[in-house]
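Below: a set of structures, written as structure tokens.
Two complexes come next, and they have one chain in common, chain A, joined by chain B in the first and chain C in the second.
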Partner chain A sequence: MASKDIVTYRTPASVLAAVASVVFVVVFLLWTVLPLFIMFVSSIKDLLEAFKLPAVGDWSGIGVFFDFTPTFKHYVDLFQDEKFGTYFFNSVVSALGSAAISVVLGSMAAYALSRAEFRGKKDLFFWVISTRMAPVVAVMVPLFAIFRYAGLVGTLPGLVIAYTTFNLPFAIWILKGFFDNVPYEIEEAAMVDGSTRFQAFKGIIPLVSPGIGAFLVLCVLFAWNDFLFASIIGSGGAKTLPVATSGLVQPQNIQWGKIMAAGVVTTMPMMLLGLVIRRYLVTGLTMGAVRG
Partner chain B sequence: MPARLNPAASQRYYFYLLAPAVILLALISLYPFFWLIYMSLHQVSLSPNQPDVWIGLENYMKLFGDKRFLAGWRRLAIYSASCMTLQLGLGLLLALVLNNSRYEKPLVTVFLMPMMMAPVIAGLVWFYLYNGTFGWYNWALQSLGILSGKSILGSADTAMIGIVVVDTWQWTPLITLIVLAGLKRVPQDQIEAHMVDGAGSIRNFFSIVLPNLYPFLLIAVLLRFMDNFRFIDAILRLTGGGPADATKVLPVYLFEVSFTNFNLGYGAAIAFTLLVVTILIGLVLVRAFTQPSLRQKD
Partner chain C sequence: MTKVKLVDVWKMYGKVPAVRDLSFECESGEFLCILGPSGCGKSSTLRMLAGLEHISAGDIRFDERRINDLPPKDRDIAMVFENYALYPHKTVFDNMANALKLRGMATDEIRGRVQKAADLLQIGALLDRRPQELSGGQKQRVAIGRAIVRNPRVFLFDEPIGHLDAKLRGHMRGELKRLQRELATTTIYVTHDQLEALSMADRIAVMNEGVLQQIGTPQEIYNHPANEWVASFVGEPPMNFLDVEIGTGGSETEVVVRCGGMQVALTDVHRAALDGARGGARLGIRPEALQVSGTADGPHWTAGTIYAVEPLGGDTLVEVAFQGGRVLAKTSADFVGAMDDPIYVSVDRTKLHLFDSGDGRALT
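So, the complex of A and B:
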């Protein structure tokens, strides 16, 4: 990079700034990681060990935190006594189902929006994205009424459709950007060579498929982490991991080890997926406004 | 025949591709929206045998006299503005420090982790950390002499700080990520020219870097504002709106009216005000999205 050619001088101020930034990053790193670390360690502590704390002001007693014998019994409990296997399955099916529907319908719609010119296209596009922006609490009551009428409350198909309310607009919005980047000439050439329109559309899918894959994963992430829809639409027969984990909190006798273990089970898969699609995260989390 | 030579057929084809998504969206978003308006104009009955009673704008008139409704908006504004200020400051600082550092990639990967967590789980973990009898963060705060007696969520004076901290923990990295993407697009030649003219790094920051970052910061602010309106998972888990309503931001109040008291008609009126404000923010956001400066890469 050319900017390296400019000579910079070490001044007391610049050394101070360098030290301050290292300190800032280290503190921020601790601040970010510590809650996750405590969650993980607490999940392998026995019940009484999790409650051990040094006296107030006794900083040297901080070692109590590591004073325990690791046990995986909470994880075993979750899957043996608490049916977390079923909840895990529910989470996977509802998240994948809605992601798949959203990406398939979304890429069709996004392609059409990218290629077609018609009056009101902008309004349609804004309406699509505004459905994604609506606060869930605000639309939950009428949505619940509709779902109850259709017999979808407490079922996995119900959850799949509920998640589609936010994943489909997201997919349309993001994928339109992808199709906008594919020149129309490619399809035109294919059609001149005798393909039908649909074949031409299928022909350019491989060009956008890495992006589509990444956004499928993002749709899974959004659906997996949902709580409000799952707790109201899914209540009864379709409990997902966040709802089940939250449900472990009872007014009396809070089993923190178990709860933290459930937190780890819920969080780990998403952190791994996040790593896989790391490159697309900025684009996804800013709804396509910012490219990484 | 090439599509351009037969525009009518082409339009029909696009219509078929668009239709399934639009119909599904209409069913799950437009239909509930009109139902919401209908409910807000009625006294909604909970039993299927009794019809809803038309009461016109009565639910909306009630809003103006409802102190908890107005307080909910005020708290939502305080909550969003505090989250925004903290996250923007920290996120910007972090991005500036990380940019072009040797460890940028691995560090950002670590900083991303909280964002992958379900907000309700984040709420649970922090609820545990804040706990008055066995929470480590509560212990640390007490040992530092910052807190005495009540835990941070247990007192009406500090509970708001507690929920702001959790949101900041989880979402500051998003700002960092956005700003980092923006920093990569700051034209280096402008900085160099400026430095040749004798500008220092601080002047550089204010006269070149910051103006170039402006559209990115705008996106970050709007996105976070909207999410603070949309997500109450962590707050529900942390305080449920208490103590003494100190953290009852509007969406939490709405949740209580609709799902605890089952006052559906009134809840719909509250929901309508929330929707209108969110959609207005959304309009600004969409305009910000379409700024070309976000996309250009030098």
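So, the complex of A and C:
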């Protein structure tokens, strides 16, 4: 069992620590939740109402923040005028597509690295991990040149491939640990029973599914929130939500209402995903750490 | 019913030989145990039989057909692993049915075979459970059930009862032996426990450091060990070993054992065997071949001191110290004696073993 009761004794220092931790949690919650709250509330306010502020020092005027008539016109304008439906689709396809490819290829590579013994295995594994050590911006120029040469710039397949380049090493790295924790005798028993090696591999996928699930979510998260690849590789025909949102900052004006609505559209799916799978995410991320 | 034959089999892990020039046969329907300490090559041998390891050199034949290059799924063998290797995400039924489903058997037939095997192993009530809900003994039965539903040509057991408690191990030894008799399937069983091997096997192949030391029935291995190593490994409590110095006197050749002057008179067979010793010789005496008494009851009783007494319930082990050494004797439960008491020891000379001091081979 990972957690247990910690025996504590009440001392002046422990009382102080308890008070300080409550203060910290309140400040932290405000720090993290307040921007999201303001973004959501602003997205359903008319622009004039969004910029209504109480006078400095006037704490009684705080009610002005909540004195508004909700409107969804920013969302309507976003999807009708700014074609955010297309960008939403691009984000979904590029995130899910790269996650799916990374999981399929990554699980097979991770399995091979976990089970097979061959010369250069440790070097190969280190090379795979090392591709994630370099900052992406450092390789952006040559990567852009390669993608342009291949005619992939501004295309959805190009963006999927770009995301896969940094998701796949991560998949191999994470999933190898999960495969290492599955006893090899299970596959041997399957092969003696009549399975081929590939069938035996498929047979143990359910045993690493928490890890695969956790990795899929992280993969989707990375791709969904990415700006760099999307702005350079995906520019034009494969614009995604983060890039499209930055495009709402025009030289002539900043479309605050639409920006706030775009922020909600971009963050809500990931927040909902996190809420739905949070229990499995912790299980999946910690399962590989402890030998059963 | 299949005969299994190993001919000059080697297994190398890099440059390290795990199995060296191994040759033996397991007859059709026979229960053969491969016995040896950890690292002796017994599991490597079993895994080569299963096709889970490549054979570095030599041949393995099933009914004279060379199977070196056949993958495990095509050898028609069933294996029970040391850690059971059950599929944790499947029920007991699905674990047992897995091999039959892979072979495309009809659902009704699968159900019938699984139920029959489950009834035989008394696990019929567990078919809907998952492995994590089972005890060790139940898991082991499921692993055996997974093997027997297939009706294979050969059973391979890799220390299947090693993780059970002593009482359950004792119970399962009898169950496994009976099961093998009923099924009459050729069985090769690997263990490091000499009690398991002696009690269950038709024949035992004893291995050490990758080399086959001896193959024979349990009685042959116990009563006529081929060398000093086999003699020391098989038998609980272990055999006593004493250096031999030959003296002559009277009408018999008196063998004086270098252990405080313990006197042992040899039979003609032993005397002739000593002539075959290239260097010195070592005398092996099993604890049950030694008699202990408070008085010297004859001419060949040697005086010593009780070093330790271990009552075992049905027997008593008495360790006797002589000048420069000790021997362990097994006597009856009603033995009376305390530490440092004087004691006399005699040897049943029909149960002596002589070994060459140089290479350890048996001289008798």
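Methods note: the second predicted complex is superposed on the first by the 253 of 292 C-alpha atoms of A that agree within 3 Å, B and C clash if a C-alpha of one lies under 4 Å from a C-alpha of the other, contacts with A are read in each partner's own complex, and residues count from 1 in each chain.
In the analysis below, a residue touches a chain if its C-beta (ideal position, glycine included) is under 8 Å from a C-beta of that chain, and two chains touch if they have at least 3 such contacts.
These figures come from a predicted structure and were not determined experimentally.
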Return first, second, both or neither, reflecting whether A:F66 touches chain B, chain C, both chains, or no partner chain. neither
For A:T131, using the defined touch cut-off, is the partner it touches chain B, chain C, both, or neither? Pick first, second, both or neither. first
Taking the superposition as given, does A:G203 touch the first partner, chain B, the second, chain C, both, or neither? second
Check whether A:G194 is in contact with chain B, with chain C, with both or with neither, and answer first, second, both or neither. second
Quick check on the superposed pair: does A:Y149 touch chain B, chain C, both, or neither? Answer first, second, both or neither. neither
Is chain A touched at more residues by chain B or by chain C? B
Across the two complexes, what residues of chain A are contacted by chain B and by chain C? 188, 191-192
Which residues of chain B touch chain A in the complex? 1-4, 10-11, 13-15, 17-18, 20-22, 24-25, 27-29, 31-33, 35-36, 39, 90, 93-94, 97-98, 107, 109-122, 124-129, 133-134, 136, 139, 142-143, 169, 173-174, 177-178, 181-182, 188-189, 191-192, 195, 216, 219-220, 223, 226, 229-233, 236-237, 251, 254-255, 258-259, 264, 267-268, 271-272, 274-275, 278-279, 281-283, 285-286, 288-289, 294-295, 297
Chain A-touching residues of chain C, taken from the complex the two chains share: 50-52, 71-73, 77-79, 81-83, 85-89, 98-99, 102-103, 146, 150
Along chain A, where are the residues that touch chain C in the complex? 183, 185-186, 188-196, 199, 203, 206-207
Touching residues of chain A toward chain B in the complex: what are they? 1-3, 6, 21, 24-25, 28-29, 31-33, 35-36, 38-39, 42, 50-54, 56-59, 65, 105-106, 108-109, 111-113, 115-116, 118, 124, 126, 128-131, 133-143, 145-146, 161-162, 164-165, 168-169, 172, 187-188, 191-192, 197-198, 201, 221, 224-228, 232, 241-242, 245-246, 249, 256, 259-260, 263, 266-267, 270-271, 273-275, 278, 281-282, 285-292
